[in-house]
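Below, subunit A partners subunit B and then partners subunit C, in two separate complexes.
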Partner chain A sequence: MSEENKKKKLLEVKNLNVRYKSGQATVYAVNGISLELEKGQTLGLVGETGAGKTTIAKSILRILPDYAVETLEGEIYYEGKDILKLSDKELQSLRGHEISMIFQDPMTALNPVKTVSSQIAEGDRKHHGCSRAEANQKAVEMLEMVGIPGERADEYPHQFSGGMKQRVVIAMAMACSPKLLIADEPTTALDVTIQAQVLDLIKNVKEEIGTAMLLITHDLGVVAEVCDKVCVIYAGRIVESGSKEDIFDKPSHPYTQGLFAALPDLDKDVDRLTPIEGLLPDPTVLEDGCAFRSRCPHACHACREFDNELRELAPGHYTRCWRGLQDRED
Partner chain B sequence: MIRYVVKRLVILIPTLLVVAIIMFTLMDFVPGDPAVIALGSGNHTQEEIELKRESMGLNKPYITRLGEYIGNLVFHFDFGTSIVDGTQIKTAISDRFPNTLKIAIGSILVTIIVGLPLGIRTAVRANTWEDKIALFVTLLLDCMPSFWVGLLLVLLFALKLGWFPSSGVGGLKYFVLPVIANSLGGGLAGFTRQTRASMLEVIRSDLVTMARSKGLSEREVIYGHALPNALIPIITIVGMRFGQMLGGATIIEVIFSIPGLGPYLVNGIGSQDYTVVTGGIIFIAFAFAIIMLLTDLVYAFVDPRIKAQYVARNRKGGRKDE
Partner chain C sequence: MSELMEVKHLKKYFKSPRGTVHAVDDVCFSIEKGTTVGLVGESGCGKSTLGRTLIHLSESTDGQILYQGRDVTRLNKKELIEFRKHAQIIFQDPYSSLDPRQTVQDIISEPLLLAKYGKDEVQRRARELMDTVGIEKRLRMSYPHELDGGRRQRVGIARALALNPEFIVCDEPVSSLDVSIQAQILNLLMDLQEELGLTYLFITHDMSVVRHISKKICVMYLGQMVEQCEKKELFEHPLHPYTKALLSAIPTTDIHAEKRRIMLKGEITSPINPKPGCRFAARCPYAKESCNEPATLREVAPGHLVACARAEEVNCMA
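So, the complex of A and B:
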């Protein structure tokens, strides 16, 4: 890759491996994930609970819990710097300032004993050296931007509803106009009626600031609405990646196909949905072969010997299934 | 807020009444005749004893005696007189309690000053060698009763090194050993462990991860975000420990011959001085209740959610400040 090309990429994750220790066992949470994100782009990470999406997100900010992590290997380049090699100080100036994160659960992410404005202002004071008054003024503006009246700035999190709290979290993440926003299931903890509002809000704010976004979700509807590129994650691996059109129009991996098949179709009157049978494989065992084969409708003995390499179906569209190319050729 | 305090003080009255009734009744069941004790040692004729019983009002029915005792307590704050030497219990308590309080306050301060930073440190360094050494030492200390620690301290620092006096009261240095003994034996180790547990829970929560993700330094994360949240359970523990230290002080006072409530109560128990024991314990219960009330009030300063509850009871609609 040329120097220039490297510069254009905002974020580049190469062969990321994360293992947790759980008692005596090792949990293989993330296995050789590689992904890229350009400025202003939105990349969706899709997958079921336990697939390793949040672990990927937290690795980028290096906020994984120390006591649980066994290994964190690979390279995570942010504007050419390897985040995994940064010192604590460098990391702190990156966090919240250049890269910030919206947490999954606004109920537990906010500090209950501090006013929301002080929590929003904190980042500004830290990174931009604003005075308390300036930062508070900015916090009020941020709150207004996410649709919370400024006079509520001095209230505490318990005085807000769930949707409002998530708005506060968004305001907090956006306070320093980050270049990269990691949104970890920003709408999962919210009521369906609020989800759309919050999603619109994130989209608008993102466009206003020109932030790139890594959106983690298990909701394909959300992906369709906001993402440019999609990575489908299964058992800590990317099983299919490509542009939104690639994934939605030509899903190739059986897991991706299963995800789409599981969506309820408004046009058809069916009694039962079609789930993907079975469960995620045991994360404490790293088996050879395709991790999805126990649940795959097309599985055969060849899947056991599968080399777990990505195959390029079309420019930019990859799948981790040996059948992928054959299907296309048939 | 003020209304809440007043309300809590009002609730205190029935609590203390119940304590008084239980204590009075219990002491009534204790074997031995107060009249005989009041007469002192030596042989007494049945007639003398009968006369004494009459003069002490012991022949009146239980309910009448209880009523009189409670009446005196509530309206005159009067605990009666010692049946052994006839002195006013009220005066004795007010003379002696300051010493007990000094030791208890000293002990709780030492506990907080040493235990809180140590608890935070071990939580931040959970499962490292520092934490493991601290665990070992605190477990060891937790197993040592305060009177034993007291004796060891006297042996080393008073008898061997001669740095501090071994008994009596006087300047500040007379309180050093008792305070350390009471703190070590009365829960410094436990307090450290509880602080660690409380901090650890917060450190592993989302709000701390969130604070880190904002780019705050580890110091700002621990002291600015984690500690204020961990303080709520810690304050409860401080309140309870303070009560314990008050009780522990009475034992320590006996060892160090400090004229506090301790020797007074212990002597009272030894000489079966019913009124002294009853009065002393009611007074300690009163002090404990006040401490717990203060603890509850401190919450409000730490946690806006609890403050909101206190305030919400006062206001009727509208989002106004207190």
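So, the complex of A and C:
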């Protein structure tokens, strides 16, 4: 790919591999993930616990703990620069300023001994050289934007409810108008009515600032609400990717189909749900062939020799299943 | 139709430094034998407290809990031990509800030992239970940390089943599990109900799960019951403004559906010394001055109970 082409894309991850040390064993957390994100777009990463979603997010910000990581290979281009080759200083100017992150648990993402306004103001003071007064003023504006009255700016996190804390976290992430927002299960800890409010808020703020978003979730309903593109992750690999319409209207990979089938439906009555039998494969063993084959209802001997390459089903719609192009209904 | 459990004007208050927490406030409902009643509501609305109070894990402040006609709140110690054989609970978090220093077999055997079963009988029954809930025999001597979430929840279910109970409170048994595993556990619970004729009170905040498993649904808001009816009726004709908002807020996987979402203002208010009057009024899009009167649960359609003074008006039923 030419240099020019790379620059159009905001984020491009190429063949990312992450392995953790775990005692004597190696955990294969992320295996050859490639993805792209354009300006203003929202990409959803869907998968179950342990699929490697959060590891991908943390590699982009380079905040994985050094002591646990055995290898971190691949290329992560942010506006043409390879994040994996940046110095600590360069990284610091990216984090919070250009790329910021909303963490899953608002209860632990905030510093309990600092007021919420000082936590929101930190980014502006560091990256934009604002004075304390200026930054605090802006923090109050950010709080009001996420629907928290300005007079509560000098309160501490424990004085807020869960939904409000998550709004504070969002205000913090948005304070420096980042170009890329990584949201790791931003609404999982919240109730549905509050979740609806927060998703609405993220959508509005995103439109206002024009931020691109990488949304990590296990909730297909949330993906349907906010994403443009979707990647389904299984055992550290993307098993299916495409536009939201591709994935929701024509799910092709047996795992994606299984995820949809396992959900209880709000409109249809079924006597029994269809679970995906079995469990995630052992992450300390990287086997050849398709990683889903032990749980797949369509598995056969050919899956053992599967080359683990993506197949293009339609323009932009990829699946990591050799039966991808064949009619599965037979 | 026989009612296994009947709850009348049940109250559970907690004292706190800032005042009295009205966790469960004047709740009435009944559970028919062999069926599942779903209890839904947001975190902090008192669902779990209600579930625990029903099987007397925490003592009620006032009101009656009639289990097969006998008042659970008045049982003496001996009778309570007997009652616990009939009523059990499955907890939300399979990570903290199992003793990390006990093996799977120990955990499942404990209720049997307490009930003074013989040693051989305990072993036989424990093996039988592992079979019933689908835990492989080889995991008999494993510790909880060696199991995944789904298997741990199966151990919790086996423990609840040990003494052949009739009634089980399921307190968010699937909300910490992934969807593929969640479906396995829901199927298991429904199979067990059919085989053993169990009665469930199923507590959850997930409307699609409750729709799948329940016959009757109760919606709670801030310690009070706001709506109660058969499942089908609730999803087709929700009458309380809170239920309507709750149903409209669920993100669905249908990307082409036209959605009209009712956005609620603000968040759940404090259950400490609540003001008289409708507790939902502060967030309700239809609130009027008349909502300052206490809203009591009343039957507006056959078998459909709502606690909203303006239910007919709001739903154009007049």
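Worth a mention:
One rule holds in what follows: the second predicted complex is superposed on the first by the 323 of 330 C-alpha atoms of A that agree within 3 Å, B and C clash if a C-alpha of one lies under 4 Å from a C-alpha of the other, contacts with A are read in each partner's own complex, and residues count from 1 in each chain.
FYI, a contact is a pair of C-beta atoms (placed from the backbone, for glycine too) under 8 Å apart; a residue touches a chain by one contact, two chains touch by 3 or more.
Computed from a prediction, not measured in an experiment: that's the story for all the values here.
By the document's definition of touching, of the two partners only subunit B reaches A:Met101; subunit C does not. In the superposed three-chain model, the partner touching more residues of subunit A is C, compared with the other of subunit B and subunit C.
By the touch criterion defined above, A:Pro149 lies against neither subunit B nor subunit C after alignment on the C-alpha atoms of chain A. After overlaying the two complexes on the shared chain, residue contacts for A:Gly129 are found with neither subunit B nor subunit C.
Contact with subunit C, but none with subunit B, is seen for A:Ala262 once the two complexes are overlaid on the shared chain.
In the superposition on chain A, contact of A:Gly23 is made with neither subunit B nor subunit C.
Shared-chain residue A:Pro315: touches no atom of subunit B or subunit C.
Subunit A meets subunit B in the complex at residues 58, 61, 63, 65, 67, 88, 92-97, 100-101, 103, 105, 108-114, 122-123, 126-127, 156, 158-159, 169, 172.
On the subunit C side of its complex with subunit A, the touching residues are 42-43, 148-150, 178-184, 186-187, 190, 205, 207-209, 211-212, 235, 245-246, 249-255, 261, 263-264, 267-268. Residue ranges on subunit B touching subunit A, taken from their complex, read 126-127, 204-207, 209-218, 220, 225, 228-229, 302-305, 308.
By the touch criterion stated above, subunit A contacts subunit C in their complex at residues 48-49, 161-164, 191-197, 199-200, 218-222, 224-225, 244-245, 248-249, 258-260, 262-267, 270, 272-277, 279.
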